[in-house]
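What follows is chain A paired twice: with chain B in the first complex and chain C in the second.
== the complex of A and B ==
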C-alpha cells in the first residue's frame, strides 16, 4: 500500500497527433536503406522508415516477409548487411544490443525460468548498477502498471500465459527505454484475452509515452492498435500509412488483398474526362467509372478494387450507366453482425458484398440462387496500377 | 490368467536378482568370520576392524577422492567451454573436426589412451623436463582427457536445446555476454553441469586402466589397490570396504531424494 502512496510517475509526454504530417518534428527512429542477407538470400531489402516519438508502429506481413528480421535488426541481435539505423539521432547500426536504449518483448516471452517475477524484472535494472531500494520501487511500479504485484514472488512456470505476457511487458518497460519492440505479443493468447490485451497495451503505451514497434501477422490487431503501419512482402516495404490510409487507399493489389477482403477487376482504360476515367473489364458487362487520379493513358491496363462493404446489393435494377452488374447469390457467409454474399456474375467471376444485419429479422431476405444486382459508387473504387 | 500374471513377476525377479544379488552377497560376506571370501564361518565384524587399521587402503581412497574431485572439476570446466564453443559460436573453420575430437575419447579404447598418455609424459619429461615423476597430476590429466568427452556429450545437448531467446532477452536488458553466461546460461543448465561432474567423478573414481599407466610411485589409487589385492586372492576386507561404500552412496541418494521432496511443495 505504501508503494501506491508516492507513485513516481514518469512524466506524460505531450502527444502530437500525426507527427509525420509535421515537417518541424524530427523522426525518432530512422532506417536508411537497411538490408539483411542470410548467405546471399535477402530477408530485408532496402528498408527506409521514419518512426516518430510516441508512435505505435506495426510491421505487418505474411510469415517469412522479413518483419521479424527487421525487428531483430532494431534490437541489435542481427547485423545489417548494408544501410544505417539511427535512434534519437545517434547512429546505432553497429551498437551491440546491450548498449541500445531499446527493449524487446519476445513472442515466447523469454522469461528467466530460474528467477521469480520480481527478479526477472529487476534483472535489467541490476545491470545498470542502481541502488537496491530504487530497483525495488521501480519493479513494483511496473508490476502495479500491469497488475501483477500479487505474483511478484512466483516463478514464471507457475503463471498462466496471460500472466507471463504481463511480466514480459513489465520487464521491457522497467528500464524506461526509448523504444519497445514487440514480437507478436498476442500470438500465444486466446481470442478473448487477446482483444482485452490489445486495448490494455495501447492504454499502457499512451500512459508511459514510449515508442512501440510491433511485429504481427494479424491484420486486425495491427489495424486496431497502430498509429501507422508498414506492410511488408518478401523483404520489401510495400506501403506505409495510417490504418485508414492502408485500408481505403492501398497502393497495390497485394496490400489491398492482404488487408481485409476486396474485389479486383482487371481492365483497360477506354476514356478519360476531367473527372472520370472509364474502364472496360472483360469480366464485366458494364463499364467502370472511377474518379480521375491516375496517370495511366488510354489503353493502359489497370486493376480496379472495391471493398465488399462498399458494394450495394439489391433486387431493384440500378438506373445508372456504370458500376453495376447482375448476378446470382452463390453463397452466404453469416457472421452475426453482418453477412457476406458471394455473387456469381455471368462471366463466371464471383464478387463479395457485405451487408450489416441491422434488424433481427430482415425485411428483404436475400437467399441462395436469387437474382440480384450489385452496384457501387465511383468514388468508392480504387485504381491500382501495380 | 494366473500364469500370465505370474510370468512378468518371475522375469522381474530374475532381473532384480541378476542386478542386486552380487551386491547382497558382498554385504553378506563382509560379516564373515572366515579367512576366505566364499566359505561362511559365522558372523563377525572382524574385517571392519581390520579395514580401519589398513592405512594403506585409506590413503589410496583419499588419493582417489582427490583425483576424482580435481579431474571432475577440470573436465566440467573444459567440457563446458568446448560445448559453448560448439553451440554458441558462429560456425568456424574446423568446427566439425573439433566436434569429433572432443568426443573421440568416448570410442577410443582406454588402454590406448593410457598407453599414449604414458608415452606423452615420458617424452615430455625428456623434452621440457616435466613431469619429472608421474603421480597425482598426471593421473588427473589422464582422467580429465577421458571424462571431458562425457561432459561435452551431456552439456552440449543441453545447450543446443536451450531457448536462445532467453539469452537474447538478457543481452537486450543490458547484460554483457559474460554476465549473460554467468547469471542466465550457467544457472539454467546447472543440472546438466552437475550430472556431467558426477559422471566424471565416478569415471575417475573407479578407473584402473588409465591410472595404471599414468601413476607413479606413491600415488596409488583405490581401484588399483583393490585390483592388485584381488590377484593375490580376494581378502574379505575388500567386502567390508565395498559394503561401506554402498552404504555411503545409498545414504547420499536418500539425502538427495529427501531434499528434492522437501523442495517440491514450495
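== the complex of A and C ==
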C-alpha cells in the first residue's frame, strides 16, 4: 500500500496507532536490501522492511519461503550475504547475537534441560552480571506475568508443552530487550490452547510494549495477532500491510490465494469507463464490472478476485447486468458458524460462497444439486494484474 | 490326548519360538564366553600350585563314588598382598590408565566438538578418518610408533634437521612412549561417544544461550560441557578400562622400570607357571575395575534421568 496522508489523530503518549502512517516517526528496525544465500541458493532476497516500535509484526509464508532465515538474520545467528540491518538507529549487520538487544523465542523452545525454570530465566540476567537479589526479583516478575511462578523449581522436562512455551516466553522477556523474535510460537500447541495463547501473547506484548516479530505459516494466527504483516514467497517479500489491507487489497494472486480463500476469474478487459472496467471471462457467461484501479489497457488480460463471503447466493434471479452467474450447488461445507457452498458453473468452474448461519434452522434451505444464482457487488471484487 | 499335547506344546513354546531364541542369543554368548570363563579363572585362583598338567590342584577330592570334598585356599590372594610388587604394579597400571584417559579427554573433546560443528558431508569424512586406522592391524600400528620414536626415527631426524636439538631425544621405552601409544590407540573410543552426545544436542540450545548474551566461552562452559557429560563419562570408561589391563602397548613401547599388571599376569602364567597366582591377579583386577565402573554408571544414570525428556 502506498503511504497516504491521513488527518492527524489526537496523539496519545508513547503508543502511536499505525506509526507507519506517520512520516515523522522513525522506524525502529530497518532492513535495507538484506539478502542471504546458502551456497549460492538464495533464501532471502533483497528484503527492505521498516518496523516501528511497539509493533506486532508477522512474517508469513509457506515453509521454505525464507521467513525463518530472515528471523535468524535479525537474531544474529546468520550473517547476511549483502544488505544492512539497523536496530534503533544502530548498524547491527555484523554485531554477534550475544551483543544484540534482541531475544528470541525458539520453535523448539530451546529450554536448557539441565537447569530449572528459574535458572533458565536467570541465565540471561547472569550474563549481564546483575546482583543476585535483582536477578531473583526480575525472574519472579516475568514468571508472574506468564503465570508460572509455582513451577519455578521444576525442570523443563517435567512441564507440559504449554507450560514450556510460557517459560520460553518469560526467558525472552526477562532481559527487557528492544525486540523479541518469535519463531512459530504456537506450532507445538493444540488448537484450543493455541487460540487462548494468541490473545494472551498480544496482551502481554501490549503490557510490556516491546516490539514483536513473529514467524508463522498459520495465516489465521498472523491475521488475528499482527499490527502488520509481510507475506513472503521464495525469499521475496510479496506484500506488506495491515491484516485488513492484505485481506481486502491483495496485490497478487499469490497473496490473495494464500490469505483466506478466494475465487479467481481470468479474463480480458473489453471496456473502460470513468469509474468501471468491463471484463469478459471465458469461463463466465456474464461480463464482470469492477471499479477502475488498474492501468492495464483494453485487451489486456487480468484476474478478478472475489472473496467467498462477498458472494451472494440465492434462488432469485438477479436483476442487474453484470457480476452474476447461474450454477448448481455441488458441495456444502458446514462449519457451524457458517457454511461454504461450492457452486458449479455451466463452464465447469467451481466458485465458493460462504454464508453465515444466522438462524438455528436455516430459512434458505439450500441443498445439494439445487440451482442457484451467485452474484456480487462490483466494489467487492478486485483486479489483480500479476 | 489332545489335552496333554496342548500342555506339552505350551510348556515348550518359549523354547520353540524364534523370538525367544533371538532374545537368548546375547545371554548365551555372555554365559559361554564371560560367565563360564570367569568361574574357571575363579576356581583356578582358589587352587594350589602343583607340578603337573594342569598345574593346579583339583577342587573336588572324591571320598566316595558320590561324595566329594571341596578343597580351596586363599593362599594366592594372601600372596598378592604380601608382596609389594603386585600392589605397586596395580597402582602403576591405574596411573597410566588415568593419565591416558585425561589426555584422551583433552584431545578428544575438542575434536568431537569440531567434528559435530562441520556440515554433514565433512562429518562423515572425519569420522571415517578416525576409524580408518582400525583397518590396519593393531600390532602394525604400534610397531609404526616404534619406528617414529627411535633415536634415528622420523621425529628425532626431523627435530635435528630443523635444528631444535643436536642429540636425539630419548623418546622410546619410557612412560612417554607408553602414554603416546595408549592415547593413540584409544582416542577413537573417546571421540565417538562424545560426538554422539553432541550430535543429539538441539543446536538451538547454543543459539539460545548466545541470544541471551552468553559469549562463546560461557556457551561452552554452561551449555555444551554439562550437556555432553554423559558422552564424556562413556568415553572415559571405554578408554580407562582396557588401559588398566593393557599388555601389548607397554610390552612393545615401554621400558623395564614400570611393570604393569598385564605384564605381571603374563609372567605368572608363562614364566613362573603359577596359574593360581595369575588367576588371582586377574580376579583382583576385575574387582578393582568394578568400583570405578559402578560409580560412573551410577553417575551417568543420574544425569540421564535429569536430561530425559
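As a working rule, the second predicted complex is superposed on the first by the 373 of 386 C-alpha atoms of A that agree within 3 Å, B and C clash if a C-alpha of one lies under 4 Å from a C-alpha of the other, contacts with A are read in each partner's own complex, and residues count from 1 in each chain.
Going forward, a contact is a pair of C-beta atoms (placed from the backbone, for glycine too) under 8 Å apart; a residue touches a chain by one contact, two chains touch by 3 or more.
Only a predicted model underlies this, so the values are computations on that prediction, with no experimental measurement involved.
In this overlay on chain A, chain B clashes with chain C. Using the contact criterion defined above for the overlaid structures, shared-chain residue A:97 touches chain B and also reaches chain C. Judged by the touch definition given at the top, the superposed model places A:289 against neither chain B nor chain C.
In the superposed model, A:157 lies in contact with chain C only, and not with chain B.
When the two complexes are overlaid on their common chain A, residue A:238 makes contact with neither chain B nor chain C. In the overlay built on the shared chain, the residue A:110 is in contact with chain B and with chain C.
According to the touch criterion, the shared surface of chain A, contacted by chain B in one complex and chain C in the other, consists of residues 75-77, 96-99, 102-104, 106-108, 110-114, 123-124, 127-128, 171, 175.
Within the complex formed with chain A, the residues of chain B that make contact are 163, 165-166, 168-177, 179, 183-184, 187-188.
Within the complex formed with chain A, the chain C residues making contact are 202, 204-205, 207-215, 218, 222-223, 226-227, 306-309. Listing the residues of chain A that touch chain C in their complex gives 75-77, 96-99, 102-104, 106-108, 110-114, 123-124, 127-128, 155-157, 171, 175. Residues 75-77, 96-99, 102-104, 106-108, 110-114, 123-124, 127-128, 171, 175 of chain A touch chain B in their complex.
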